[in-house]
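Before anything else, here is the set of structures, which you'll find just below.
Next come two complexes built around chain A: one with chain B, the other with chain C.
Moving on, here comes the complex of A and B:
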């Protein structure tokens, strides 16, 4: 069984070394738009007046992600800078998906993204999004199959709209059903 | 003008500045979910 978390549950978690020292807190989740894989976190300092740390934490250097903290072995687990979190040359994405429109390939706007759903595990991936619909409902939609992420919208197959979940407890079933639907009709969307 | 009017103006300006600083700080610290990778193209990315 896959464990799912909202990105907002990960953001602001303290980053703690195995020596018990809190060295920052998670600011952004950075993911690969082509695979959904979480690549790294950007960090902010601890305390009200602290700003961004400008040091990235690669997922490979995360020792553990628990309910209350992101654990790293030592301060040296952080990158020297945040280059890993910046878009590469010629990269036209690199935008925050929060607030952008989730739209089907058929041109139907499903809502605005308010959060992302992360499938946890050894290699966590963005497995879906929470959206706010035109009727002001918050629903979770899984992503599978062709997904295009730009800085203005996230495009998903048309079938996605049929597999909404009300909460994380029913999200896995919705994701399974969507994957099954796309397997049966691989050329749609 | 009376001295207390200057005091009120100074306090109001200080309060406005504090609100601005706090909102800038909140913006600097607010988190996001950043997509990284190739730009949009036909047959774009594929999430698992």
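Moving on, here comes the complex of A and C:
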């Protein structure tokens, strides 16, 4: 069973090596505006008064992500500096998925993205988004299949709108159903 | 045997038959999971450490050491040394490699002859020694069971 959590819940989680040493805590998430997933974490030192660590943790270097800690193989999993967290020259402006409109390919705006839903475990991935609809409802929508991201909107297949979940408990079912429906109706061309 | 039952055991010097101190804590190292050292409470201030390889025998009533010179002052041991106090698992949270907390270590079940750690006992379950990945200053890390 896959366990999901909101990306914002990762903030403040300790970053722990497999040797059992805490090397920092998550300060913030940096989204990748070209893929809609998470690119890296910025870190702070541990403790109440600790300042920023100025060393980024790339998403690919996360060994495991759970409800109690972000696990990394060793101290060397961190970057030497935090340049990865800053928008690079090749990047479009923005660099964030939060606040962007989630829109279907058919042209229906489902709502604004307020958070990402992350599948935890050994290979954590962004599995969906939390959106705030036009009626100010907060719903969770799984993503699967072709997703296109710009700094104005995240484009998802039309089917996505039919598989919204009210909370994380029912999100897995919604994600399963969406994947099932996309498999049954493969895209033409 | 359980480490809790070994706490307070006298450590005796085989050359002088004197008591050097009493067992107060242990340090554990992974792959394979074993007791790396014993922390002793000695007369006076500070702690001293005895490497497991210097333990001649671990009896029910006393731990025998060849000579008192094998005991090291804790101040001379770096954090990278498996016998450093940071590798004491008792009271630390147990995290799986996927970041899930499985309770706090309350006791260590080990083989008194070889020093092999059989189980880690947490507030929630018994974790086989083979699943241990690391014991650090913050947490004890174990493999995630599928």
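Assorted remarks:
Keep in mind that, in the parts below, the second predicted complex is superposed on the first by the 120 of 189 C-alpha atoms of A that agree within 3 Å, B and C clash if a C-alpha of one lies under 4 Å from a C-alpha of the other, contacts with A are read in each partner's own complex, and residues count from 1 in each chain.
Everything that follows uses one rule, which is that contacts are C-beta pairs under 8 Å (C-beta built on N, C-alpha and C of every residue); 3 or more make two chains touch, one makes a residue touch a chain.
Quick caveat, the model's predicted, so the values are computed rather than measured.
In the superposition on chain A, A:117 contacts neither chain B nor chain C.
Once the two complexes are laid over each other on the shared chain, residue contacts for A:150 go to chain B alone; chain C is not touched. Shared-chain residue A:16: touches chain C; no touch with chain B. In the superposition on chain A, A:32 makes contact with chain B only, while chain C stays out of contact range.
Comparing chain B with chain C, more residues of chain A are touched by B. Of the two partner chains placed by superposition, A:174 touches none, neither chain B nor chain C. In the superposed model, A:44 lies in contact with chain B only, and not with chain C. Counting contacts as defined above, no chain A residue meets chain B in one complex and chain C in the other. Across the complex, chain A meets chain B through its residues 7-8, 11-12, 26-36, 39, 42, 44, 48-52, 85, 87-88, 90-98, 115-116, 119, 125-127, 143-151, 155. Against chain C, the residues of chain A that register as touching in their complex are 13-14, 16-22, 63-71, 120-122. Note for the complex: chain B touches chain A at residues 25, 28-41, 43-48.
Taken in their complex, chain C has these residues touching chain A: 86, 92-93, 95-101, 133-141, 144.
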